[in-house]
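Below is one structure, written out as structure tokens; comments come after it.
The first chain written gets the first letter, and so on, giving A, B, C, D, E and F; residue counts start at 1 in each chain.
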Amino acid sequence: MDRLQYSHIVAAALAEDLGFGDVTTDSILRDETGCAEIVARENGVLAGMPVVVEVFLQIEPALTFTCLYRDGESFNRGDVLARIEGPVASILKGERVALNFLQRLSGIATKTRAAVEMVAGTKAVIIDTRKTTPGLRVLEKYAVRMGGGRNHRFNLSDLVLIKDNHIRAAGSISEAVARIRRHAGFPHKIEVEASTLKQVKEALACGVEVIMLDNMTTAEMCAAVNLVAGRALLEASGGINAERLHEVAATGVDLISMGTLTHGSRALDLALNLL
Amino acid sequence: MDRLQYSHIVAAALAEDLGFGDVTTDSILRDETGCAEIVARENGVLAGMPVVVEVFLQIEPALTFTCLYRDGESFNRGDVLARIEGPVASILKGERVALNFLQRLSGIATKTRAAVEMVAGTKAVIIDTRKTTPGLRVLEKYAVRMGGGRNHRFNLSDLVLIKDNHIRAAGSISEAVARIRRHAGFPHKIEVEASTLKQVKEALACGVEVIMLDNMTTAEMCAAVNLVAGRALLEASGGINAERLHEVAATGVDLISMGTLTHGSRALDLALNLL
Amino acid sequence: MDRLQYSHIVAAALAEDLGFGDVTTDSILRDETGCAEIVARENGVLAGMPVVVEVFLQIEPALTFTCLYRDGESFNRGDVLARIEGPVASILKGERVALNFLQRLSGIATKTRAAVEMVAGTKAVIIDTRKTTPGLRVLEKYAVRMGGGRNHRFNLSDLVLIKDNHIRAAGSISEAVARIRRHAGFPHKIEVEASTLKQVKEALACGVEVIMLDNMTTAEMCAAVNLVAGRALLEASGGINAERLHEVAATGVDLISMGTLTHGSRALDLALNLL
Amino acid sequence: MDRLQYSHIVAAALAEDLGFGDVTTDSILRDETGCAEIVARENGVLAGMPVVVEVFLQIEPALTFTCLYRDGESFNRGDVLARIEGPVASILKGERVALNFLQRLSGIATKTRAAVEMVAGTKAVIIDTRKTTPGLRVLEKYAVRMGGGRNHRFNLSDLVLIKDNHIRAAGSISEAVARIRRHAGFPHKIEVEASTLKQVKEALACGVEVIMLDNMTTAEMCAAVNLVAGRALLEASGGINAERLHEVAATGVDLISMGTLTHGSRALDLALNLL
Amino acid sequence: MDRLQYSHIVAAALAEDLGFGDVTTDSILRDETGCAEIVARENGVLAGMPVVVEVFLQIEPALTFTCLYRDGESFNRGDVLARIEGPVASILKGERVALNFLQRLSGIATKTRAAVEMVAGTKAVIIDTRKTTPGLRVLEKYAVRMGGGRNHRFNLSDLVLIKDNHIRAAGSISEAVARIRRHAGFPHKIEVEASTLKQVKEALACGVEVIMLDNMTTAEMCAAVNLVAGRALLEASGGINAERLHEVAATGVDLISMGTLTHGSRALDLALNLL
Amino acid sequence: MDRLQYSHIVAAALAEDLGFGDVTTDSILRDETGCAEIVARENGVLAGMPVVVEVFLQIEPALTFTCLYRDGESFNRGDVLARIEGPVASILKGERVALNFLQRLSGIATKTRAAVEMVAGTKAVIIDTRKTTPGLRVLEKYAVRMGGGRNHRFNLSDLVLIKDNHIRAAGSISEAVARIRRHAGFPHKIEVEASTLKQVKEALACGVEVIMLDNMTTAEMCAAVNLVAGRALLEASGGINAERLHEVAATGVDLISMGTLTHGSRALDLALNLL
């Protein structure tokens, strides 16, 4: 992730929180300098430290920031994740925005890591969806990677994904795929959403690269895996929760997409303490 | 909430999701028109319908949008919340972004409503915090109101909130308050964070309008309520979950702030179905 | 005031003035370096020096800027306020924009200081209004503070201010206040505009924090002060000019708001001289 | 003036004033519709009505706006300048921003008209300077035109203006002009700042189109007019106030530039009344 | 192509060309209405009409625009491509910007069409590159499609393209591909740049989807086609001009990328005539 | 050209090309540092090096950039134009955008230089037009200057240019000029488009500064030069290609404007090689 990709997101978040200025801090503090720590209040996986650095540097370039953990690393309750030194007023002004980013992104990374561990030993890869927070997709997809997951398509121009509505409009899967081949660029893989084995067969016959098994039972997924036999990637999708995750992974699907990684994760409990 | 406050948020979300264009839809659909419904797949409280309207109108002003429920209303699983008519391609292009907004905001409203109902019969008011998604604060605080909650301060320039770090920097609560009175404008109320009864007393002696009872036990809160006896508003804050909510409300505090309303709520399950 | 709050204002001002480039300077100068001074051509109070620094640094980070006076300090005709060293071309390109900011803001600070001195010895505090230059409110309210005044609300989301039109729409002051208490957040103080003593009484009975005495005579203000007896803050407002200022302050009102501080002040006479 | 030139200025001004929403109006009003008038409380010349229309339409496209006076027209105290009908809440939300624009711009037009009338009967044209409010130059220069004045250059890329610092850097006026002729484009006229008759002669010898008589006495100006005898435009500049205006115009100069038109004018007294 | 994708590009172009206003048109014209035509002064293929519509509507929503040809259609010298009715001043203000877009984009479409026709009868598809004008990529790639070409990747996040520098950094093609498989998402196809048949073999052995034949001779390309035998797409790239185009297509490659479509095309000769 | 004028153009170009990140480079490279050279693959004139520096510094401030040629200098095939040292990943991410700017701008400078050389020995100056790439005008006009040309007006607010449509609307050249003199500011020169000698005479009689000879034959131009005899600048315009250039220059016109400098130039062949 490059700084160019999130510096404007940070600037907007700071403007939103700062308003016409931090009336409390500006009234009470002068030029005091000090040191603060970002501390974990529960176990988790870190994501978002470069964003936190950006938050504090946009407020005050003179702050010194030391990362003690790197994104993607696990930490335990009580661990000190980073240290910040410099003007106390600047630390206080950035605290809430910095934590809002770090807690959310680490929450996603932590939830992803848990899912990844649940499918360990299978070939299934945990992937995300486009069910991300408006405006924060680049950050949330990064957090999924830090948790050990991989990314589904970033947006509508990335990968062709033929859904039920497209199939209905075209009349059939094969007609939909034919239209794609006439109009879309060669760089795009084609994925087709299938909710029955018949549709899986039709998609496979069209030579698509990926088939999404939409809201299928575990038994249907097994049948699809046998049917396809490696000739296309298979993505399990739709309401797959923690309980069902291992069972789904055991069917032999290649990818398991989980919207809940981004839209259902909660902020991790982290704090910033002035020393 | 005025359209001026969220139209740029919607524009950014659409740009993020559209990328260089919806390669699938543009390859398969032409000028077909159709009708779609937004349907609830679980019970909840609605928030965000004006944002959804904005999403679709930015894509295609010719779309017709009919809201069947209003923000703040409860709905049940299976209810049709809105109807959209017009070019199918435009409906499909807006679907994901519209749902990302509506599911998140309705999730917040629903969670807030549940908390509000748990404190029914007490005088406690459920309020939010600044623990919101970067860039979406105006929408998330609106969703809290739609759920029946009220808003804490919007940002750092809104209300004076003297926290432990400010107190330490000033030396005492009274010195911190004195500095505020010398520098801040008259429009600001002053709130002081207190973690002991001694601090509550000191804050009360300074004549502040609001006192935050930070991470206190229920017994301590009762004592604070008795001590203050209506001379300041009391805000209960810190780790107050559903189990403890009624008990805290019963102490007689005026406000209960819950960061989890915004940073811990999950997206509600809603769908857009083409008819 | 934080740099984040005005750096985009400076960037827009420079773009406005630079257009497609300074055709005169770029044709005549090469890499000459030099030194310039900002000099006062009349007495006044300084405001805006950090903005001037931002102007020059956005043009050329290699410029060295030395402030000889700080914002809020008084200076006399002939005083050197700041010194700039570096490429002469860059100094000339920033000159007009820098002075446009500094002259305007120092004009406001100087006018405010004069008003503050006129009410010395009373408890009245001089405050501003929302009658500021579109786009420059954060700077102009800062200049008022540098002159020794205090700020009224920053914008419409800051403080509840119930004006005559709101009262008419609600039917009465008490109904208007009741609606506020039902809908607005606890962080907001409530101010009511009153143009008669009867309205002052009604507002007081509602327990509002601030009452604006709108276009009252000095005698009416005295009566209002006696009536309220410290139970609410009283703001004198409406056509209060220099002649009447001391008399109004002597009535015992707490606040005197003057739109003229921002919309009626003239630019102070300052110059930038190359040495 | 085209709408494209000021719609973003209006949007920024509304965002600045609206903050997180008009808490007072949104709590008290619902869907009431009504009618308001913009009324003059003193005599003046109108400027800025299209900007006011833009303010209200950005808030609520359903508002109906009727201009009763056009920009550039004179009005008297008590005149109704415009009428607005529609949702009262929207009228109230736009009131302050609309007036801030209209009062400032009409103030400039009024001050300009007064200056123009003072030089009536001479050939002198009243012009503005670059001493405008940062961010509002396009509007303020428009207001000068509405008052009957004309515009000096808009920015640094418009017209070559060789000032004393440029002359010093080049060594002489003729060397400075020579460098311009080598580097600048043919579309630019050249103006030279002269503070002595000797410099006027040197500039004239270089064939420049305009000569600025900088801070000269009336006698010096007369001499310059005789010397130049129509071979270049002559601009009188520097500290020309109302008292001296007619005398300066009578010297026969072509242009009189007055920074005070924009940086020294006060807001005209206008009000918005709900009927 | 959706309007959301280019409306901000149009706004920036208009701001750039309008500056502080069209001084000529605003001085000469009042409210005259009229009719204009966009006329071809040479043969070509149209691209960019929706952008032209956007240009004129941003200036004046009251203009009526009638497209007589659609993007992708061929036209002959003398053909009328579109008709515009409304205020003449608005037509004149938009003329240059509208033509700048339409001439450039139609130039690209025309050049692409010529290349496409030269490879008719072969299976080769003409594609573009990332050698586009900064800021206009979405428009230029659209123009290529209108000319009958297809698009290579839009940007660096679209398709994996392993170039010589990446191979060198990884040590070998197979190591580079292995790293991609470990880190990149499944939606991405992988393309490898090969300048020798040995590299083609290595890439093929890695199972990549596309192989770029970089600056190969026609004979080498033939060998590569035989070697690969349909197991990967082959892209011919590097210095392929019109003379060599048919010969290259005849080798049996799948894709021929031509940077010159976008960076080497000239503006088509089109004019706007007022009737 | 000041950095303020192009840094936002560079930022937009990088965002366009980077998308959600360089998936290839980020998967393959880690922290390797290296050195790259920008090399000429054909002869030309350099323009755009400061823009290239900006591209790389926006990606990674730690990169070291050494310019070996300066803008405006000629170079030969094989020459190394610049050297870049630092993280290889950052060099690769900026490569395409940097070259897209440098190739285009150097192409313009090279084409301009050729035209300038063709008119050597005459007094004709080669100038550009407003036929520039939307969004890049400031850069392309700079490139023309680097090639030895001069600039025509930058935009519609720069110079009065009365075209045939304006003349028709006004009724005559003299009426059009009269309206300009009534409304436009004194800083603007007036240019009139003339397509016949009669119009040249009429324009001359009005005392305009510049007359554009629109699509005249060489003989007509000679006649115009004799007629005007230095009393106005004469600009030859309209379809002047390389073959005719010297002949036109020899007529004695002052200016020759060529739209093809910007809209007809191709990208110069430059490459970035990692060492």
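As a working rule, a residue touches a chain if its C-beta (ideal position, glycine included) is under 8 Å from a C-beta of that chain, and two chains touch if they have at least 3 such contacts.
All values reported here derive from a predicted model rather than from experimental measurement.
In summary, the chains found to touch both subunit A and subunit F are C, E. The rotation relating subunit D to subunit F, fitted on Cα atoms, amounts to 180°, rounded to the nearest 5. Note on A-B: its contact pairs, compared by residue number with those of A-F, C-D or C-F, agree for more than half at C-D. Centroid to centroid, with C-alpha atoms defining each point, subunit A and subunit E lie 32 Å apart. Centre to centre, using the average C-alpha position, subunit D and subunit E are separated by 45 Å. Between the Cα centres of subunit C and subunit E there is a gap of 52 Å. Shown for subunit F are the residues in touch with two or more other chains, namely 18-22, 93, 137-138, 154-155, 157-158, 185, 188. Applying the touch criterion to all chain pairs gives A-B, A-C, A-E, A-F, B-C, B-D, B-E, C-D, C-F, D-E, D-F, E-F. Taken together, the subunit F residues at the contact with subunit C in this complex read 1-2, 4-5, 137-138, 141, 154-155. Listed in rising order, the residues of subunit B touching subunit E in the complex are 11, 14-15, 18-22, 58-59, 93.
Taken in their complex, subunit B has these residues touching subunit A: 9-10, 12-13, 16-29, 32, 88, 92-93, 96-97, 99-101, 103-104, 130-138, 154-158, 160-163, 165-166, 168-170, 176, 179-180, 182-185, 188, 259-260, 263-264, 266-267, 274.
Per the touch definition, subunit A reaches subunit E in the complex via residues 125, 127, 150-154, 157-159, 185-189, 191, 210, 233, 254-255.
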